[in-house]
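The same chain A turns up in both complexes below, where it pairs with chain B and then with chain C.
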Partner chain A sequence: MLTATAIAVDGLGFAAWLFLSSVGLTLIYGVMKILNIAHGGFYALGAYSSAWAIGVYTTTGSTVALTFLLIPLAALIAGAVAGLIVERGVLKFMYGRDEVLMVLVTYAIFLILEDVTKLIWGTQSYVAWQPAFYFGTVEIFDIPYTVYKFITIGTALVVGVSLLLVLNRTRVGKLLLVVIEDREISGALGINVNLFFTVTFVSGAILGALGGAITAPEISVSPGIGAEIVVLSFAVIVIGGMGSIGGAMIGALIVGFARAASVHLYPPAELFSIYLVMAAVLAVKPYGLFALAESRKI
Partner chain B sequence: MTKSRLGATMGSLLKTSTSLMAAATLSVMALSDTASAQDQSVKVGFVTFLSGGAAGPFGVPARNAAELMIQSINAGTVPGPYNTPGIGGAMIEPIFVDENSKQKNADYLKLVEKDGVEMVIGYISSGSCKAIAPEAEKAQKLTILFDCGTSQIFEEIVTDPKYTFRTGGHATMDNVAAARYLKQQGVNLDSIAGINQNYAWGQDSWRDFSETVAQLNSDASVATEQFPKIYAGQYGSEISVLLTSKPDVVHSSFWGSDMEAFIIQGSARGIFERSNVVLVTGETAMQRLGPQLPDGTVIGARGPHGALAPDSELNDWFRKAYFDRFGTFPTYPSYKMAQALLGVKTAADKAGSAEQDAVIGALQGLEWEGPSGTVSMALANGHQAIQDTAYGTYKYDKDAGKPVLVDVVRFNAECVNPPAGVTSIEWIQGGFEGAKCE
Partner chain C sequence: MTKHLDRTELGLLIALPFLILVAFILPKWIVNYVHVSMGTGLVALGVMIQMRAGLVSFGQGLYFCVGGYAAGLMAKFLGVTDFFVLLASGIVAALILSSLLGFLLRRYREIFYAMLTLAVSMILFGLLSSTEELGSTDGFNLPTPSYLGWHPEGETSRLTLYTLTCCVAIGCAIVLNRFLKGPTGYVNEAIRENELRVEYLGTSARQAVHITYVLAATVSAIGGVLWALPLGHVDPEMTNWTTSGQFVFVSILSGTGNIVAPMIGTFILEIVRVYAVEISPNTWQMILGTMMLLTIIFLPKGLWSLFGGKKKSGKSAGADAPTAGE
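Here is the complex of A and B:
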């Protein structure tokens, strides 16, 4: 019972982090058909902005509670600025190119963003632990868990449900679904596809930055964190089906529980478990669990 | 003035003049030597992490120490016996390369073949060292590994080294000392657990620690052994396992951002209160985390470096010079870089040349003084260093507002390192035969 509970809570916590870190990637792919490797750069920018802002703020000696506002604010500013520059400055000139070429383009942008973080924040790592400790812990079967972890889980839930509601219940969301379905027909119907691209890319960048920003208080923010997250995020969205928000949720849960179970039950399989699950899913569903059916154009 | 007094005065003047002339001649000779030395230079490649997760806590402090030491060695301003300019009469001309590369071997060969370096000093990651040591032997280029820890380098990878040296102790020293420290402090060792990175350094460290504990306490059992991926950053599940398995001791050789993340996540969840946690490389986090690193944590520095360094003129000079230049005190990667450079200087000065073959001949089996004490190239046919080491218990001094180490215990080099010709694991499992611990 103890182990089962621990696997459930740990799996949920890891899944929440994975979802927040990967949902921007799947959103951009779904709308724009761009596998955005630069996502790792947005994640890192969010983490650095958040850690830096918390660090500067806490030196003033003010209440730590306000740092919970700084985290989304840092993500919003970092993601919006970087996303807008990348989309308006580079990607808008590349739309319609081959998907593989776009992978290379976004990889180049990722490398540039890595250097940008070093130029701004240097090579030193940043720690901003105050929010992670602020609400203390709760014990479940004698195992303490930080309240911050449950805040992360709650945030992931809110972000996921909000995105699904916006996509399925609002006019803008429905128009976006039309763009996802067929961008040429959408354009012919008078939808401003380019505007949707810009808004989607900036939203994806902000979500990527939010993943980093909310993680920052639990880690040591250092150069290279963006590269790690791209690989994991890719595994998550491939399992769920590239471009599917619900798929990213399920993918994150599968990976989260698989990893937690292996750590608790058979630690040597920890590293392998994520990719084993991915291989098993792809063997049965080659396009992922919730991949959108694609019509073939003749 | 009488004749005799005049004679005495003249004699005195003559003596003074002679002395002055002799002094002037010596000065001119010294200046000439200096000018001659400054005319010669030796290209040395330096490879450390200049980007990536290991740059901040390891690569950059090592690079900083290299810059400081190169400037000081070239100027002859390091305290004696290192107060002559250059190495073997030649000025060091550094070329810095980033270790955070997917093509480490190609970068190394570029240094050797294109840049024409006389020697390479570098490599923090055990993975890098495992790749570069055979390459160095193949390229026949003097290569000094200054930091990486895996004992596999000379025990399995390059068993008959000619060109490869390591001027710092390996993982066995760090982990045998950690276990001995816990035993000496009266910590219960019945149940131990490990959380170490899943590559050579983490695996070797855990093997040496757990095997040493098994020797020191035959009742010891392993509660859990966790090997997360390097740079994983998220250790929620692993910490839950450590909490549920309730070990007496948690051992971790995590380093850099991984170690800091583990400290933050683990201390928030009380793992440091429920178990005695030993951090093999903990010294690098002391200044950075301050009060966030829980009191009572057992701290190592991969040798008697940093906060564990003994008092000496050389150490005082190094700490002051480093602080004056970089605004922070040097941690162990800086010490190990300084140690490597002083070893090279000692060897080159002894050989009277900075040329590769001369330095190799002199460095083999060499003994020299570093900022953290005596270093002896005693293992692997004179290619692997041993030195004394130390562990301490962390305490944050709230009044002074700074971290300190208490209950510091020093261990002789021969107490925590295997003798020459015996592999680490054979030595540990054989009950530390030949260990000199008094």
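Here is the complex of A and C:
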């Protein structure tokens, strides 16, 4: 019972973190057909700027409560600035090129972003634990959990639901779905496709940064976290079907619970269980659980 | 297979004695870089022959690691130190694993191929990082190799290993050159252009991809063994996706035009890295990324296209970068 509860709560916690970190990736792929390796760079930028901002702020000795405003703010600024520079500075010139080529381009950008974070924040670790313990802990079956974990889960839910609502219930969302359906026709209908691309990419970057910013208080922020999250979010969005937000939710839950289960039942399997799940899903459903089959073009 | 040697093969054979001679003339540190980059260069070659079919493997480190670990395990648990046995065990391990995985991977193309190769290599990464018997993330050491019962030491050992590495690496390059000029090599180019038409013409694209995958894996494993022996060490970082990314980087930079390009590219990169890391350690990846972007934008066929690319424009359809055009 104890283990089952632990797996359930930890699984949800992992899933929330994974969903926040990968939903931007799936959004960008869905709209722009770019598998954005640079996403890991946005995640790292978000984590660093959030940890740094919290660190600077807490040295002033003011109330910790305000850090909960700092986290989304840091993500917003870091994601928007980096996303705009990358999209306007590089990707804008590459639209319409081969999908594999775009993977290589974003890989190059990822490498650059890795060093940008090192140049700005150095190579030492940042620890910004204050927000994580501000609300204290709750006990479920004698196991203490930080309230922060539940805030993360709540944030993931809110982000997921509001994205789905925006896409399906608003005018902008419906226009975006038209752009996804057919770029050329929507351009001919008078939709500003390039603007949609820019907005989508920047939103994706902000979401990636938010994933990093929210996680920052729970981990030690150090070089390499970007490279780690890239492969994890690949696993998440591939399992669910790339470009599907609902798919990313399911993917995050599957990967989250797989990881929580292996952490509690057989710790050495923690890392490879995730990729094993991914490979297993792909072996049965080659394009993910929720992807629509595409016809082959001659 | 024709008996006639083409220009590249002739060049490689002529270069072999010079390459070996280099070990006796140039300073030791530079020879070490040549030595090590022959190992990693073979892995870049493995990435490159898949690119000819339009497939980008973001997990070639898997076989680099399998080769190194197969040799390492033989030495660690069976006490084998013979160079040829270690090399053979790397090859056999890669052959078995890639033949099996090939059945899964040959169904995928484009980004799915890239991601699935990445996922498979990360499975091994996770597995090795958590196996304490094999030193977890620290890896373990390899002994100095012996040669058919001969146990040289010190300088002799180093030079013997270097000479054999040169021979094996050049041999692999010639075999791969033959492969690219052979039937499957040409089918691969056709797959990149239009897979469906290849199948309408009665050839199995999946089979060609499978063969290419196994061949690339084998060459990468050989590279892994050749890389691990001079360093005397293996660790899971060999199969991390960032390592695989560097192999992709070299193939993009040097292009798919010629079999020699990735080998030279690896060496140059190795040397640039030494200086870049020394001068400014935190901008090394930035330099890599910028070089890669510039190459993709301005030289889509890689640096190799700068040399004599126009001479064979008539028949050089195969020299195109995998991802150019569209």
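Keep in mind that, in the parts below, the second predicted complex is superposed on the first by the 290 of 298 C-alpha atoms of A that agree within 3 Å, B and C clash if a C-alpha of one lies under 4 Å from a C-alpha of the other, contacts with A are read in each partner's own complex, and residues count from 1 in each chain.
Convention: a contact is a pair of C-beta atoms (placed from the backbone, for glycine too) under 8 Å apart; a residue touches a chain by one contact, two chains touch by 3 or more.
Keep in mind it's a predicted model, so treat the numbers as computed, not measured.
Engineer: Kindly classify A:V202 by the partners it touches after superposition: chain B alone (first), chain C alone (second), both, or neither?
Structural biologist: A:V202 contacts neither chain B nor chain C.
Engineer: Between chain B and chain C, whom does A:L276 touch in the aligned arrangement: first, second, both, or neither?
Structural biologist: Only chain C is touched by A:L276; chain B is not.
Engineer: Quick check for you: in the superposed arrangement, does A:I151 touch first (chain B), second (chain C), both or neither?
Structural biologist: neither
Engineer: Examine A:V238 and indicate which partner it touches, taking first as chain B and second as chain C; both and neither are also allowed.
Structural biologist: The second partner, chain C, only.
Engineer: Examine A:Q124 and indicate which partner it touches, taking first as chain B and second as chain C; both and neither are also allowed.
Structural biologist: First partner only.
Engineer: Is A:P268 touching the first partner chain B, the second partner chain C, both, or neither of them?
Structural biologist: In the superposition, A:P268 touches chain B and chain C alike.
Engineer: With both complexes superposed on chain A, which partner does A:V105 reach: first (chain B), second (chain C), both or neither?
Structural biologist: The second partner, chain C, only.
Engineer: So which bits of chain A does chain B touch that chain C touches too?
Structural biologist: 114, 118, 123, 267-268, 270-271
Engineer: Any idea which chain B residues touch chain A in the complex?
Structural biologist: 50-53, 55-57, 59-60, 100, 198, 224-229, 231-234, 236-238, 240-241, 243-244, 256-261, 264-265, 268-270, 288-289, 292
Engineer: Under the definition above, what is the set of chain A residues touching chain C in their complex?
Structural biologist: 35, 90, 93, 97-101, 103-105, 107-112, 114-116, 118-119, 123, 227, 230-231, 234-235, 238, 267-276, 278-279, 282-283, 286-287, 296, 298
Engineer: Spell out the part of chain A that touches chain B in their complex, as residue ranges.
Structural biologist: Residues in contact with chain B: 2-3, 6-7, 9-11, 13-14, 17, 114, 118, 122-125, 127, 129, 132-133, 137, 142-146, 148-149, 215, 217-225, 228, 259-260, 263-264, 267-268, 270-271.
Engineer: Note which residues of chain C are touching chain A in the complex, please.
Structural biologist: Chain C residues touching chain A: 54, 56, 58, 104, 107-108, 110-112, 114-116, 118-120, 122-127, 129-131, 194, 196-197, 240-242, 245, 248-249, 252, 282-286, 288-290, 292-293, 296-297, 322-326.
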